[in-house]
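Structures for review follow.
Next, two complexes with subunit A in common: one pairs it with subunit B, the other with subunit C.
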Partner chain A sequence: MQIPDVSSTWENEISSVTIGATEEEGGTRSRTITIGGETTMPYLHFEGTMPNRPVLAFEIWDVRPEDWPPITKEPFEDVMGNPVEWAQKCEEDFDPDLLSLRLMGCDPYGEDRSPEGAAKTVEKVLEATTLPLIIWGSGDEEKDNEVFTLVSPAAEGENCLLGTITEDNYRTLAALGKADDHKVIAESPVDINIAKQVNTLALDVGYDLENIVIFPNSPALGYGIEYVYSIMERTRLAGLKGDRLMAQPMLANIGGEVWKTKEAKITAEERPNWGDHRKRGPLWEATTAFTYLQAGADLVIMRHPEALNEVGRKIDRLMDSGGE
Partner chain B sequence: MILIGERINAGFSDVKQALQEKDPEEIENLAKRQADAGADYLDINMGAVSKDPDDMIWLVEIVQDTVDTPISIDSQDPNIVEPALEACNGKSMINSTTAQDEKLDKLIPLAVEHDASIIGITSGEEGAPQDVNGRLEHGAKIFTSANEHGLDVDNLFIDPVAMPLKFMQEQASNLLEAINQLSNISDPPPHISLGISNMSSDASEKSLINRTFLVMAMAVGLDAAICDVFDKKLINSVATAEMILNEEIYNDSFIETYRMN
Partner chain C sequence: MSDLSAMDIYQELPQTDCGDCNFPTCMAFAMQLASKQVSLDQCPHVSSESEETLAASSAPPMRIVKIGDGSDDVEIGGETVQFRHEEKFYRPTAVSIEIDDSLEEPELEEKVNRVNDLQFERVGEKIGVDLVTLKNDELAPKNYGELVETVDDESQFPLYLRSRNPEAIKEGLTRLSGGKPLVGNATEDNWKEMANLAEEYETPLAVSGYDLSGLAELTDRISEEGAEELVLNPRADSISNYLEKLTKLRRLAVVEEFSPLGYPVLASVNSGAPFQQVADGTSHILKYASIISLDTTNSWQILPLLTVRQHIYIDPQVQNSVEAKLYEVGDPGPDSPVLFTTNFQLTYYSLEGEVDDSGFSAYISVMDTDGLGVLNAYADDQLTGEEIVETVKEQGVMDKVDHNKLIIPGLVGMLRMTVQEEGGWEVIVGPEDAASLPRFLRQKWEA
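This part shows the complex of A and B:
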């Protein structure tokens, strides 16, 4: 039986976003990473092209993350609390595509570290590593604006990916990103309408759509992943059909979501019939990552080295030989 | 929605004067303002002022030196259309052919040769029919001819002819039904287009009539319009209708977003 040709043609291409800058480009990274550029839905190699392999980043904090479950801390036990060494260890031992530094220490309800301290941390991490860098604030909008006001110029020239701009807080980071030539993450709370609105607002204040990565939030497997799956799918379809406000690469930041679920963190001792948590936890993280990759994620930020390796192999298979 | 800006038309006195005096300034100004207002094509119509292909080429060159927006050559005379298409650098459109054989056989091959779009108006030897069936018959003939000549269906626009509401009130519902049926003529369908301003000819409340009809027509399959892109309320209505039809994803600044897109 002849198989019918079901390939579609699309009007538009997803924008390509490059993160990092080498010495030639005014930075100090050993390489740059480009994401996006698709002319088809994920991995439909028979229909269009995915010129850039989806990439994986490791999550690093500026402070010791006390609430991470033990198995996510074990691989980094000796370096947690020292972001420079932690970043070096990730880069040297586990070979991610990028590093993702979260400045959680600046949280005003936590250690409330100063913007000056955060800028120093970023400088030191950049000095000690060579991979392109993603930088997140603590999530407190007011404090993040103060922090990025010093962090963004401290990383000038390195073409980092800074996050996040939101519907209610976009002016400061968009202006900094533009001034210091960084890319920005546009965050929306599981809501495609707000995702489009954030991009509209960023464009309205003069931030280039070509420099935005969409982050629609990333609930873990079992906790609403299907909502974001369909949001990412609709976003990508709209982008390919010609909506240039939806034609950006997308990221999933899954570590914090996966590792707060009971399925990932409850130990085999606590729940013997759930099996070995040392396998179950990383598998939960990897399965969450696979799902977002299938939905169109171009960049996934992860925590556990085994999960990261497994997902890397999966991406190789999806990208190889027409994705068979 | 594909918007074809109607304003560079020598029926308007400013364009007539610019064409007669070969003064490019007003043409440049209209081209730029229509492009900024969101026109996807800029229609160029010399009206009764000139039948000289060189005048059309003069207009085409001014417009494309000013903006990148594709140009719609508003003429059914192959002696004007052909050199004008050759003068166009990028995507272009022929506006228009009727369903008459001698026009179809000359103008559609020109569209194919230049990868141009073409509007086919559902009008034959006897003029434009007023009923649904007459419109469909001519529409089917245009569609078949385009197909036979190898025109990409995405380059075909069928125009079932808007007639003035004030004088032919019963026409509007026939027109809506014709749009509905023509938009199901094939899968994928051709574009369905209308000269919207004809609806409100000589009427009061022109803008209100135009935008109300345009939205009703969009709901039954209209996806292109030759219209006044300076009419903000019309364009805002298009943006809103596209969202209601789920063709665009909603966001709170959707009017602004529509203009950005």
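This part shows the complex of A and C:
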């Protein structure tokens, strides 16, 4: 029976963003990572292309994270508190695509480390590792601006991904990213209009849209994931239809969200009918990632090695178009 | 295809409010027709001219299929959109757990009991598996029929009888005396016998094929035999091939309204590594299965799948709210902190999760803001200092504690003085986001 052709074609292509720089490109990374470039909704190989495989990054902190549950600390117990060794261990033992360094030690309500110290840490991590690097501040806007003012030039030439610019705080980081040739993360609080607004503001201060990765926040499975699932689908559809302010690759940073949920943390002793905790926790993180990847996430930042490994296998299978 | 409004449809109905369609009024029925949730033939009185006028817009583009005949029956299908933000997804994916016919007692009963136990409660809602897939790979028809009877007695759920052999299906159906199980699979080789069984026993039928045009031909022939409650079971050789087929089927049903494929879809999850089972089950729930069938009884695998389903099927057009009342997290006593927030579901559950995390027990006083978050409720003038005082007083929480302190969300810190003066409490401004609460409590809380 003849059936109607239901393939969709789209006007626009999602922009491609490359993170990292090799020696030839003025950096010291062993490879670069490119995300984005889609001409279709996720994994619909029959009607468009996904030239770049979605990628996974490991989350690393500059200080020992006391709040992480034991199951996420175990694999890194011997190196936590030393970001250089932690980063090396991730890179050597678990094979992520990128590393994501969070400068939590700079938090003014925590250890309140200095911008100078943060810049040193970044330099040392870059020296000791070869993968492209994502760098986050502690989340305190004022302090992050001070920190990035030294961190950004310290990483010059390495083409890092820096985060985040927000609706209220974009000038400093956008200017630094532009001056030192870094990519930036545009963050919005589960609101597609604000996501667009942040991109507009970055564009207004002369930052190139082609260098932005959209981060619409990424609540864990069971805690509002459906909002961002739909925001990502709407963003990607708008981008493919030709809205240049929505045509950027998207990021989900799920580790911190997942590992504060009961479902990931609570042991089988406390909740017998939820089953084996050592499996359930990593699977909660993996399933959160599966969901965002299906909505169009291009980059997922994670914490647990088994979860990262399983999500990598899933991406391989989704990217396999079956051949001829 | 043009869509008629509920009002347009109402004009064509008898307007007698007779109730024969099982809706109280013609207008209520018209609204259901407009959202393509019912079919026009539920109205026995509509004139043939009106029927013609309404034909295009009245048929649900994807059939609704009911499996089971009792308190645990499951309705699937009737979906109208590709993306949940366009409207919503209507009928949550049914999760069916597979049982092999090679299982013997006592393993069989143990497994059925484990399936029965796959029920959970999350964010105030009961979630669980829905069906049992009883595979016929080994047993002769008569023995399979006996097995069907045994499993039906022990299981809480409707069955999906899965066999290539119509004889085996017939044995099963005769022993179920009604019960409306899903049966299948009808294929190129057995479709006629299967269709006749489905029609005779008035039970839904799964139809299987590799390519979509072959599948469309099969459903066409089968519906001519009189079997109309069909479920499509496309075979696929990889997860991306599944995604392609299920995406095309959804578009054919809801965009093209291509009736030979306007049925709900079943997707099987291959047995394999446990994480990959959940990975594939997640893909199918998101895109676009109305039933998934898989072989596991591990609750650590089933819970995330059911949670994906629970949240993806939330209606995006409705503000999701929790009941506005006083909540107790942990085991709060006279020294415990008292927090205040609004009844937006996400706000409340984030806060509850963080309190749980903090090691503190606490009272949370939740105000009715029609499901708006803190900042939106403030912007909307619903959340004022006076309203906070009224809510906290009404719920009587300050009588339960020995201290006089109330923590309000950091996002409305400007209301502190009003609340303090009107309520007569010491008002503390909390953090702006829930995630900072554990640290805030550890550093600042003293009863």
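Basically, the second predicted complex is superposed on the first by the 317 of 324 C-alpha atoms of A that agree within 3 Å, B and C clash if a C-alpha of one lies under 4 Å from a C-alpha of the other, contacts with A are read in each partner's own complex, and residues count from 1 in each chain.
Criterion: a residue touches a chain if its C-beta (ideal position, glycine included) is under 8 Å from a C-beta of that chain, and two chains touch if they have at least 3 such contacts.
This is a predicted model, so every value here is computed, not measured.
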item: First, second, both or neither for A:246, with subunit B first and subunit C second; value: first
item: Partner chain(s) touched by A:194 [first = subunit B, second = subunit C, both, neither]; value: first
item: First, second, both or neither for A:224, with subunit B first and subunit C second; value: second
item: Partner, of subunit C and subunit B, that touches more residues belonging to subunit A; value: C
item: Contacts of A:203 with subunit B and subunit C, given as first, second, both or neither; value: first
item: Subunit B versus subunit C as contact partner of A:49, first or second or both or neither; value: neither
item: Touched partner set for A:320, first subunit B, second subunit C, both or neither; value: second
item: First (subunit B), second (subunit C), both or neither touched by A:234; value: both
item: Contact residues common to both interfaces of subunit A (with subunit B and with subunit C); value: 234
item: Residue ranges of subunit A touching subunit B (in the complex, touch as defined); value: 192-194, 196-197, 200-201, 203-204, 234-235, 238, 242-246
item: Interfacial residue positions of subunit B with respect to subunit A in the complex; value: 248-253, 256-257, 260-261
item: Subunit A-touching residues of subunit C, taken from the complex the two chains share; value: 83-85, 117, 120, 122-123, 212-214, 216-217, 220, 237-241, 243-244, 247-248, 251-252, 255-256, 258, 260-261, 274-276, 278-279, 282-283, 286-287, 298-301, 303-305, 307-308, 310-312, 314, 316, 346, 349-350, 353-354, 356-357, 435, 438-439, 443
item: Complex contacts: residues of subunit A adjacent to subunit C; value: 1-4, 6, 43-46, 67, 109, 219, 221-227, 229-230, 233-234, 237, 256, 260-263, 273-277, 279-280, 282-284, 286-287, 290-291, 294-295, 306, 310-311, 313-314, 317-322
